[in-house]
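In order of appearance the chains are A, B, C, D, E and F, and numbering begins at 1 in each one.
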Amino acid sequence: MRLSPPGHTRFGQATSFDLFFAGAEYNTSISLSRMGMPVGFVTRLPDNDLGMAAIEQLNRYSVDTKNIVSGGHRMGIYFLEQGAIARGSKVIYDREHSSLADIAPGSLNWKSILKDSSWFHCTGITPALSKAAAEETLIAVKSAFEAGLTVSIDLNFRSKLWQYGCKPSEIMPEIFKYCHVVLGDKDTVHTYFNIAAEKTEAEASYLEVMTKLKEAFPQLTDIIFSYRNIISANHNAIGAYYLKNNKIIKSKEFDLDGIVDRLGGGDAMMAGIIYGITHFSSDAQKSINFALAAAALKSTIPGDTNFVSAQEVLSMLSGNTTGRINR
Amino acid sequence: MRLSPPGHTRFGQATSFDLFFAGAEYNTSISLSRMGMPVGFVTRLPDNDLGMAAIEQLNRYSVDTKNIVSGGHRMGIYFLEQGAIARGSKVIYDREHSSLADIAPGSLNWKSILKDSSWFHCTGITPALSKAAAEETLIAVKSAFEAGLTVSIDLNFRSKLWQYGCKPSEIMPEIFKYCHVVLGDKDTVHTYFNIAAEKTEAEASYLEVMTKLKEAFPQLTDIIFSYRNIISANHNAIGAYYLKNNKIIKSKEFDLDGIVDRLGGGDAMMAGIIYGITHFSSDAQKSINFALAAAALKSTIPGDTNFVSAQEVLSMLSGNTTGRINR
Amino acid sequence: MRLSPPGHTRFGQATSFDLFFAGAEYNTSISLSRMGMPVGFVTRLPDNDLGMAAIEQLNRYSVDTKNIVSGGHRMGIYFLEQGAIARGSKVIYDREHSSLADIAPGSLNWKSILKDSSWFHCTGITPALSKAAAEETLIAVKSAFEAGLTVSIDLNFRSKLWQYGCKPSEIMPEIFKYCHVVLGDKDTVHTYFNIAAEKTEAEASYLEVMTKLKEAFPQLTDIIFSYRNIISANHNAIGAYYLKNNKIIKSKEFDLDGIVDRLGGGDAMMAGIIYGITHFSSDAQKSINFALAAAALKSTIPGDTNFVSAQEVLSMLSGNTTGRINR
Amino acid sequence: MRLSPPGHTRFGQATSFDLFFAGAEYNTSISLSRMGMPVGFVTRLPDNDLGMAAIEQLNRYSVDTKNIVSGGHRMGIYFLEQGAIARGSKVIYDREHSSLADIAPGSLNWKSILKDSSWFHCTGITPALSKAAAEETLIAVKSAFEAGLTVSIDLNFRSKLWQYGCKPSEIMPEIFKYCHVVLGDKDTVHTYFNIAAEKTEAEASYLEVMTKLKEAFPQLTDIIFSYRNIISANHNAIGAYYLKNNKIIKSKEFDLDGIVDRLGGGDAMMAGIIYGITHFSSDAQKSINFALAAAALKSTIPGDTNFVSAQEVLSMLSGNTTGRINR
Amino acid sequence: MRLSPPGHTRFGQATSFDLFFAGAEYNTSISLSRMGMPVGFVTRLPDNDLGMAAIEQLNRYSVDTKNIVSGGHRMGIYFLEQGAIARGSKVIYDREHSSLADIAPGSLNWKSILKDSSWFHCTGITPALSKAAAEETLIAVKSAFEAGLTVSIDLNFRSKLWQYGCKPSEIMPEIFKYCHVVLGDKDTVHTYFNIAAEKTEAEASYLEVMTKLKEAFPQLTDIIFSYRNIISANHNAIGAYYLKNNKIIKSKEFDLDGIVDRLGGGDAMMAGIIYGITHFSSDAQKSINFALAAAALKSTIPGDTNFVSAQEVLSMLSGNTTGRINR
Amino acid sequence: MRLSPPGHTRFGQATSFDLFFAGAEYNTSISLSRMGMPVGFVTRLPDNDLGMAAIEQLNRYSVDTKNIVSGGHRMGIYFLEQGAIARGSKVIYDREHSSLADIAPGSLNWKSILKDSSWFHCTGITPALSKAAAEETLIAVKSAFEAGLTVSIDLNFRSKLWQYGCKPSEIMPEIFKYCHVVLGDKDTVHTYFNIAAEKTEAEASYLEVMTKLKEAFPQLTDIIFSYRNIISANHNAIGAYYLKNNKIIKSKEFDLDGIVDRLGGGDAMMAGIIYGITHFSSDAQKSINFALAAAALKSTIPGDTNFVSAQEVLSMLSGNTTGRINR
């Protein structure tokens, strides 16, 4: 649950919060469903009206919720103050002791959950919540990997989480061994896996780290490193590098001036990656461009979730990038 | 009636709609009245509280509503989702079977309506609604032309309208024969009148099409072709070419970065053209600059209507173009 | 009390006003308190619920209100319409006969008020309200000066005020004689003190006027001239020149594209100047940069008041100027 | 201009104000126009966007504004906090030095203004604003009386006004001598004219005071005394006594439980009285019932103005008093 | 799609509309799903973002939408102005030419749609929209009846609909022949079936009409006649009579003082009836009380849909009828 | 921190939450300060912008915050859905692991905190949060008792709290031994202290339990038992019994029809009790009436806090109980 003071008001000025159900995997699942893919979501939610509302929001966008378990005491919250120009957005996490963080590791029957699925996705946020959540993530990816699913991960490092006594470098490598597709960036790879660039030139350093990562984790099939040039809180440019079949290609870069909502861009990109790999497998350039275009559209939509159709993303790829009115 | 989800929310996120009464001729009439010109509005509206509210809004801005007739079953609606950056604004028209679309052609007494007027304005939107509306438009322009009024038209092509079985090229040329002043653009002129440029260079092609149009419709006295360079949904640049007395001049170009509401820019420009021709007839450059400045100001105001005084536009022409605070 | 139509709606479209308590000295006092300095505020407010609400807002941010006196008939109001692009923001002042404007000169016991203080700040707005307010301002600065406080003034010329029959040049020089620190600009210095530049090149003319001002008012210790390059209502660049110890330095310049709220920038800068002189006295460059960074942050916050901590400003000075998310 | 914190929030909690243009005569004029009567409004308003917005609101409801003069410095404001249950609504007047209060007596050409009119209405609020406003009111009623118009007055005593040094009893009797139709109540008649009841039983005391008033001011043709039984801030019952042709009749009484907005009830009643006398002159019972029904409907509408048609009031009189849905 | 001015504002005051997806069968289906029953919804919606949003809303509450067909030009709209006290709520229907109204009769494959279902519900609103909709309704009930489903109908007479040239009495009897369970009232039964009471006493007349209805339509198994005593727009009392197995019982009556939203009460009751018959078949008193309690709860919830669980209704039946806080 | 869906929307309908800082002791402290008493507040809040905002809200109303300690991970939250008629308001507590719940018992220096104070107030909510909070409460009351302060307690039983493994009856008696003034009710006294009535008649049973409580805890000086007759969620009647000096008196009873916000009524009453005992010690009837009138006023104000002055309460006691407009 994301709670944001309206517009650009600061926390101290707020008299109300806009409510968005959100979460890295949550956003990705709805985005994929909106683009027409069958998708289910697994988590643990409290047995109260807020937990029910979160589930209903997933139902609304046809995400399968039958594997969500009920239990625990509270829903994780994050408070978001929207920045502008030189004032960065500010996040206050209130996710400790959430239902998911307090899960009993091993309590989910992944065999049954993953049956009939061909892809499993997770992020670096869940293992950051608690030891239990990290353990359950490991069980999940291992189950998925062994069941022959494609496993993807968005590394998603959040320094304000990871408060339970373990460092990411103690947790993430083991999980990562079971992943095929990764969305990350140089800093996170350094933090998680202690892999860094020696080269200093930007592009060269990307290629170096991506290559080293592939060497360290040979099961990886698709490595995507995204970057975000931040001109100001409301003006970013985004792009990505994509390593597949030993070739690294660069995505189209999108200039985002006049950002409506910065959050969820990476989740939208991740959904675009999954959609792209699934639909344009022979065309890596199209896949990565699709992912970036999806992320670009996300920046125009309030909330964390990318309510766009695959057709809208494709239309953008085919050149409709200037926001002309459709009438 | 325009209904828009607040801010940049998408249709699927909306829990309320902002209400603006709007319409191409509606906006132009209020804008002209706000700039101090006497103006009346003719249409057909349903006999219910929504029709009454639309009339009251015109009264509010001193537009004469005595020639609005009551009848029919519904008010035309358009739903507008505001775009941002690369996501274009989206329009859902719900104008079929509106009171105006269902008008009985010939039911308006134009002789009486036009008495004491010197200018008649219409747009390409009304003939796009229904066969009946197209026929009534033809009757109106012919009556106005024959009664010696100046007749202006904003070509305003909307591809999502024109659903009643006629093509614009079957309808618009006949109407256009009775017009003196036209606001249009190259694409629309091609669609309506099958007049296209052979030259490829931008400015040259404008001149070519404007000249050909004047040749095909020699009754035209003022031809204005506007253009809009769309950098993104919130960043446009607008300008226009103006053919008068066999000379083509170019307007000042305005850079609109941080657009508040994109809609109604053309209607504001049209009002500026009518105001300009009426007030600065000997100074074509001032006329067209006035029109563009008016359109530029419109982009800063929520809704479709340009609530600015002539003095505000003139102040902008005299150099106050940077939005300095007036205090 | 500032009353603004929401967002970018014009006065004529308003159905509600957003309420912010505001005022040049008010904003500066809260900003200083938010940055951790002990500060009190002196004014006269009506004895009604609106006056009480204004005081409570000061209490909220730990500004000492014990020297605010109760009396008079009304609270000064200003109505603000937010501009965009080429449409400037518009101010309607309704401050005549406010409690402060109707003060009986000499009714405040400045000796007691200023006891235990080391700094007194005032602006050119108070003397613009009424003869009485001008006289009380003179009494105040004189008392402060004689009591050995540092006296600062933000020249703040508002042409729409000054309606009581005196010109600023009749009032301000006498007040200014008791000031040590001044925030101003070339135009205001010309209007108030009839000091103008002969040089035409921008920077040179700044230096010239600042030097002349120091010569005319030798008691001045710190002269800051700010400038604002206005690209559009939502895109400004700000900077300043700072004369101290016979040296003039130039501040870092900040580009503000996507301004949330333009008002209160000068007041935020003034608070930054006071903070800077107090905390970084030996580092004039840091002082002036701090002041400009504070003003830059203000432009991202709704309302007139700069709700930022000193730490946030310092973080910006140390390079965090791109609004990166903090999570 | 009325400014109200939303809903039932107190002044000290407000972060915005709902804006309604309002005023006793203002409300009455719009109400009459909405019921289909031709009506004009005379006042003095400042020459700024707020003054213009007030005029536009009158235009909106087809009230003739051509006799409104421009001038003065500010628009009168009243702040209204909505009460509930045992907490009464609270009014803060900020009307001193309004454009109307500062009018130069005699500056309006009543002969020309009243030409072609048959009825003039004023209230006890205008004379309460300032000596000048009282004098202009006297000039107006005298002019109207002498020109043969029916003159009506709503006594409307507001104890928080009357701050300019005269008592109502010094001002109102002279004005009252030129009135034919009066809406008042026992307390106000006592305050204004020193006429009080000796009888103690409620109904008898009404009859007594009304009779004495008629004796003291024999030019009166219609005397209406309203009463309001206040069970709580959201539950009132209203009724009235009506003296005409030496007979006193009692209106239907309306129980108002669940009041939406308490303000403007008297103004709505006044409009109903004028409408009633004009349309049902032979049926005093219908007239007074119409007035009360109009006032009852007002209590269901946000703001001070009674946006109801005559047909809606008549439908209520014919028995539709229970708020059944019309579908 | 229901569009309502916020709170109690009138249509002419609206600057926005609150958006609720609504409709008699729509509300009933969501209510049933919320109470835990599997339910699907059949209609025809336009292929645009508004149609999609309506479907998503059903998905949200786990109503099966797979049988909704796409087509037609527009979504039916109704505008609702909320009344208060003596001012009734006002409905403006804009449902002509909706996708459903323009359906091609016979185009739905009811055999396939109804497969695996045991209950079919429809209302008197669909046949009121158009001849086509009436024909499709007849096909549907006949198919359901013949397939052995229980068929229920809410008679729901809306006089403002029925604009297509047929009277209800020409259409409804044929449809009604295939219904087992009916929710209606005396007036509607008179309008539809020309069955009226001769007895004048309230309760007796109910019994008489219900008995006659059963005689005329012997296939009926459950007849529920509801009544609503309307004290004011915000204060109603509701109750019902229930004829089953030749016995008529009376429901508990609920006093609703302080109604939040009057709409959808009948639909909530209908859902309660279906739930009751399905779950408490042997206890007719419990069934009807459950239905009334559900309708009572609806009156406390904004919008047309009864977002309550079966458990909440049961808790109310067991005595929690006073709105005590649950904490 | 209280988060409420706007108006009467249910949790599942919410798209935003209204934010109120609240809490039993929090509300009581602000209420006392608003009534003019010097008061301080002691708690533990997280060191983030939300904790700071809570403190600023206390500063705003002149509650001394210097003894609030910083620490812990989160601010306690409760979500409140506002009921209506038969639908009760619903509370979801999210207070586990709040900064206060995780306090280290004994970490507060009560000697220093209580210095210069004459009254200490606590409630039954704090001990319900956690073992640590219960222990700290015991330390506090004991310190206050021993330091000679008057100690008051609002028993405030919340069944949804008390999740940490202790029953109230294991915790509360020990704390209660150090209290002089208690606000409670029969049920809570039974739950906490196992003291119940044998008499069945309402008033008699109150007297019996109050007397027994005084016998069991002879240090008590003032026992107040309040009751709330709940007609519906928006219609309550409140009253209280007051045992002092061996006499039991009954308060005035207040009928609250049209409740704006039900929460915080008990806290307002508690503040009234403290104010009453302090100011009208010789007049127990006035004390208890004052407390009830304060609670009655609270029901008219949004949020949990009673923003009323002592003068407003006294005015109500002197008969202004019908919510007449003050103008």
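Here, a contact is a pair of C-beta atoms (placed from the backbone, for glycine too) under 8 Å apart; a residue touches a chain by one contact, two chains touch by 3 or more.
Note that this is a predicted model, so its numbers are computed, not measured.
> So which chains count as neighbours of both chain B and chain F?
Touching chain B as well as chain F, we find A, C, D, E.
> Looking at A-E, B-E or E-F, which pair matches D-F on over half of its contact pairs by residue number?
E-F
> Could you please state the distance in Å, as a whole number, between where the Cα atoms of chain A are centred and where those of chain C are centred?
One centre to the other, that is 44 Å.
> At least two partner chains per residue is the criterion; list those residues in chain C.
Counting only residues that touch two or more other chains, chain C contributes 10, 12, 15, 56, 90, 258.
> Identify every two-chain combination in which the chains touch.
Final set of chain pairs in contact is A-B, A-C, A-E, A-F, B-C, B-D, B-E, C-D, C-F, D-E, D-F, E-F.
> If we count contacts the way the header does, which residues on chain B are in touch with chain E in the complex?
Residues 3, 6, 10-12, 14-19, 48-50, 52-53, 56, 73-75, 77, 79, 81, 90, 92, 94, 96-97 of chain B touch chain E in their complex.
> In their complex, what parts of chain D are in touch with chain E?
254, 256-260, 293, 296-297, 299-303, 307-308, 312, 316, 320-327
> Would you mind writing out the residues of chain F in touch with chain C in their complex?
Chain F residues touching chain C: 56-57, 59-62.
> In the complex, go through chain D and note every residue touching chain F.
7-10, 12-13, 83-91, 93, 158-160, 230-235, 258, 262-263
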